[in-house]
Amino acid sequence: MTSSLSRRFAAEFVGTAFLVAAVVGSGIMGEKLSGGNVAIALLANTVATGAALVALILAFGPISGAHLNPVVTLAGALERGIAWREVPHYVLAQITGGICGTVLANLMFSLPAVSVSQRVRGGPAQWLSEFIATFGLLVVIWGCTRLRSNAVAFAVGGYITAAYWFTASTSFANPAITIARTLSDTFAGIRPHDAPAFIAAELAGGIAATFFFRWLSPRLPAAAKDVILPHRARE
Amino acid sequence: MTSSLSRRFAAEFVGTAFLVAAVVGSGIMGEKLSGGNVAIALLANTVATGAALVALILAFGPISGAHLNPVVTLAGALERGIAWREVPHYVLAQITGGICGTVLANLMFSLPAVSVSQRVRGGPAQWLSEFIATFGLLVVIWGCTRLRSNAVAFAVGGYITAAYWFTASTSFANPAITIARTLSDTFAGIRPHDAPAFIAAELAGGIAATFFFRWLSPRLPAAAKDVILPHRARE
Amino acid sequence: MTSSLSRRFAAEFVGTAFLVAAVVGSGIMGEKLSGGNVAIALLANTVATGAALVALILAFGPISGAHLNPVVTLAGALERGIAWREVPHYVLAQITGGICGTVLANLMFSLPAVSVSQRVRGGPAQWLSEFIATFGLLVVIWGCTRLRSNAVAFAVGGYITAAYWFTASTSFANPAITIARTLSDTFAGIRPHDAPAFIAAELAGGIAATFFFRWLSPRLPAAAKDVILPHRARE
Amino acid sequence: MTSSLSRRFAAEFVGTAFLVAAVVGSGIMGEKLSGGNVAIALLANTVATGAALVALILAFGPISGAHLNPVVTLAGALERGIAWREVPHYVLAQITGGICGTVLANLMFSLPAVSVSQRVRGGPAQWLSEFIATFGLLVVIWGCTRLRSNAVAFAVGGYITAAYWFTASTSFANPAITIARTLSDTFAGIRPHDAPAFIAAELAGGIAATFFFRWLSPRLPAAAKDVILPHRARE
C-alpha cells in the first residue's frame, strides 16, 4: 500500500463514516422530535443527508474522489478510472468507515454502540426502487463528469435528496451504507436478512447505468479517473 | 436518425423519465407519510422535484441540453437553437420518457402500472397559473443563457421549487409531465379531461416569454443553441 | 429613455413582479394547506422566496443587475454604480412591477385582484427587525461584489431565507415589496398604515450598511456598477 | 492594530453577530410558530442557520476569511495561515460579535436584551457530539481548501445543516456561538454552567481534525492562509 493509497483509504473511511453518521443520526433525531409525523422525520433525514453529501464530496473529492460507495468504485473500475487492485482497499474503507459511522451515531444519541435492526425492508417494489435509485445515481455521476466542475457535488446531493422521496425504499443506493444501517435499530435501519437483496439490486442498477452511459457518452473512459471529483492518485 | 440524435433522444427520454418519477413518486410518498397535512406533502414534493431538476440538468445537459420539456424544445426551435426537424424526436422522447416515469413511480410504490387520475384541475385561475408558471420558466431559462454557466441548473430548480408554491396549479409548466401525470391516480395526478387546457396554457406562456425575451435580449438567438446547458449536437 | 434603459426597466419590472408573486402566492398556498401550523406555512413561504430569488437574480442580473429593490438601487447610486438620473426609472419599475405581482398572485388563487391588507405589523421590535434585515441584505450584496461570481445570487437567496426566520418582521427588507404587500389581505400582507415605518427602517438599514461598507472595503465604488450581477448599461 | 486588521476585526464582529442572530432568532421564531412540534422548529432553525452561513461566508470571506469561529482561527494559526499575534483580535471580535448577535435577536423579538439560559445540555453523549461536530467542520474546511473555489461556503453551510440533525447536541461547533447562546433563555440557549465542557470538546475536535489533515494533505500549510475564503491580509 503506497502512501498515497493510505491517504485515499483514510479519506474514504472518514468520509463514509460521516455520511453514515448523517444518515443514521438524523434519522434518530428526526424520529425523536417529529411527534409521530413520519413525513417530517423523513424531511429532516433528507435535508441532512443531501447537505452532508455536498459537504463531504467537496471536502474529500480532491483527495480520493469521494466515492463513499462501493458501486461508484466498481463502476469507476469498469471504466478503468481506478485500478482494479485498488478497488478492495476502497471498498474495505467504505464498509468499515460506514460501520464506524453507525457506531458514532448510536453513541452520540446515548444508544448501545450496536443494535441489530429489526426493520423489515423487502419485496419486489423495494428491490426495484433500489435498482432505479442506484441506476439514477450512477447516471448522474457519469453525466456530470462532462461538466468538469464542482457542481457534481450538488448534483449528487440533489439526486439523493430527491430519491429519498421518489423511491419506496428511501434510496439506500450504496452497499456500504446498507451494511452499516443493519447495525442501528432506529429510523434508518434495515434488517440484516434484507440487506443482501438490497445490495444485489444496487450493484445491478449501478452496472446497468455504467453500460448505458458507455454507449451514451463515448468519451466516458477518459473522464472516469476524475470520478466523483478530480483527484490525484499520487502525491 | 443520426447516431448523435439517437443519443440525445436517449438522454431526453431517461432524463424526463427520472423527472416524472421524482414528481409522481415523491407525491405518493409525501401523501402517504404526512398524516393528512397537505402542506408537508407538498413540501416533500417540492424539495424532491427541485433537487431532481438540479441533478438531471447537470447530468443530461451536456448531452442533449436537458430540455426535458416540449415547451423548452419548441422555444429553442423558435430561436433557431435546435433544428425544426429534430423537434419531433425531442418531444417524442420527452412524452414517452415521461409516461415511463409514471409507470416506474407507480411500480416502485406497488401500485398498478397505470391508473387514470381522477383529480380535477381546471378553471381560469388554474389556467392563468400554468400560463404564468411557464412564462416564468422560459424567462428564467432565456435569462440564464447570458451567464454561460452551470448555474442555470440551480436557477431552473429554484424556479420550479418556488412555482410549486406560488401558482394555484402547483406549476406543471411542462406538457410532457402533464400527460404523464394523467396516468397516476395519486397526489400529483391530473384528470385526462383537464390536461389539454393545461397544455395550451403552458404553450402560450412559453411562447409569450420567448417573444418577450427576443426584444429584451437581442443577443438571444446566438445563445439559443446552448439551452438549457451547452451541448454538442454532433460527436 | 434610451432603448437600453427601457430593457433594464422591463427586466426590473418583470423580475420584481415574479418576486412579489412568489412571496404573496406562496404565502396564500402555505396558509391554505398547512392546517393552521404557521411554522409550516412560513417554511413554505421561505423556501419559495429564497429559491425564487436565486432564479430571478441569475435570470435578470445580466440585463439590469436584478436589483428588484429600491434600497439596492439607491445604495448603488450612493456608490456611483448607477446614474442618479436612472434611479427613478428603476424604482418606478420595481414598485409597479411589485404591484402587478400582487395582483397576479391574487388572481392565480381566485381572489379579488386587490384586497387591502388588515394585517398589523408595527412597533419598535418590528422596525428594528426591518433595519437589521436590510442592513444585512446590503452587507451581503456589497460583500459579494468582491467575489465577481454568480454566487451572489445564492448569497442573497440564502440571506433572505435565513432572515425570514431570524427577524420578527419576517424580513420584508424591500420598499417595493412592502408597498405591494399592502394589496393582498393574506398571509404575507401588511396594513398600508404600517408600511411607511417599515420603508423608513429599510432605507435607514440599507444606507447604514452602505456607509459601513464604504469604510470596510475601499475598493467598493469600482465594484458598485456590477451590483447585484455584472450587466451592461448599453447594448 | 493596523488599518487592515481593524477591517478584518469588523468583518469578523459583524459576521459573527449576524450568524448568532440567525441561530438564536430563528430558534425563537421556530419555537413560537411550530405549535409544539420540535422537529419543525429545528427544521426552521436548521434552514436559517445553513442559509445564513452561505451568505455570510460569501460576503465576509473576501475580507477576513469569514472564520466566524475561534476554532477555525486557532486551527488556521496552527497551520501558519494566520499570524498568532492576530488570533486574539479575531477571537475577541467573534466573542463580542456573537454576544451582540444574541442581544439583537432578543431585542428583535421584544425579549429582554439578555436572559441567562436555563437549558441543560451536558453529559458524555453531548460532549462526544460536539467533538464530532467540530472535527467534521474542520475536516470539511481543510478539505475544501484544495478546491480554490467559493464552493467552500456551500460545503460549510451544508455541513452545519446536516450536523444540526446528526449530532445529539445540534452541533454548536463554535466557542463564540456557545458563549453567545448562554445569554438567551430560548430554543437555542445553553446554561452557562454547561458551556465550558462544550467549548473544550469543540477545541479538541477542531485540533484533532487539523492534525489529521496535516497528515492527509501535505500541501495543507500552503492553503491555510486562504481559510475559509481567500482574502488579503493587507489592503
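All chains are identified by letter, namely A, B, C and D, in their written order; residue positions are counted from 1 within each chain.
FYI, a residue touches a chain if its C-beta (ideal position, glycine included) is under 8 Å from a C-beta of that chain, and two chains touch if they have at least 3 such contacts.
Please read these numbers as outputs of a predicted model, since none were measured by experiment.
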Cα superposition of chain A on its sequence copy chain B - rotation in ° rounded to nearest 5: 90
Most distant chain from chain A by Cα centroid: C
Same or different residue numbers at the chain B/chain C copy interface, by half rule: different
Averaged-CA centre spacing for the pair chain C and chain B, given as whole angstrom: 28
Centroid spacing, where centroids are CA-atom means, of chain A and chain C in whole angstrom: 39
Residues of chain D engaged with two or more neighbouring chains: 37, 40, 43, 47, 50, 154, 157
Contact set on chain A toward chain B in their complex: 36-40, 42-43, 46-47, 50, 123, 125, 128-129, 132, 136, 139-144, 146-147, 149, 151-152, 154-159, 161-168, 212, 215-219
Complex contact set, residues of chain B against chain A: 7, 10-11, 14, 18, 21-26, 29-30, 33-35, 37, 40-41, 43-45, 47-56, 58-63, 104-105, 107-110, 150, 153-154, 157, 235
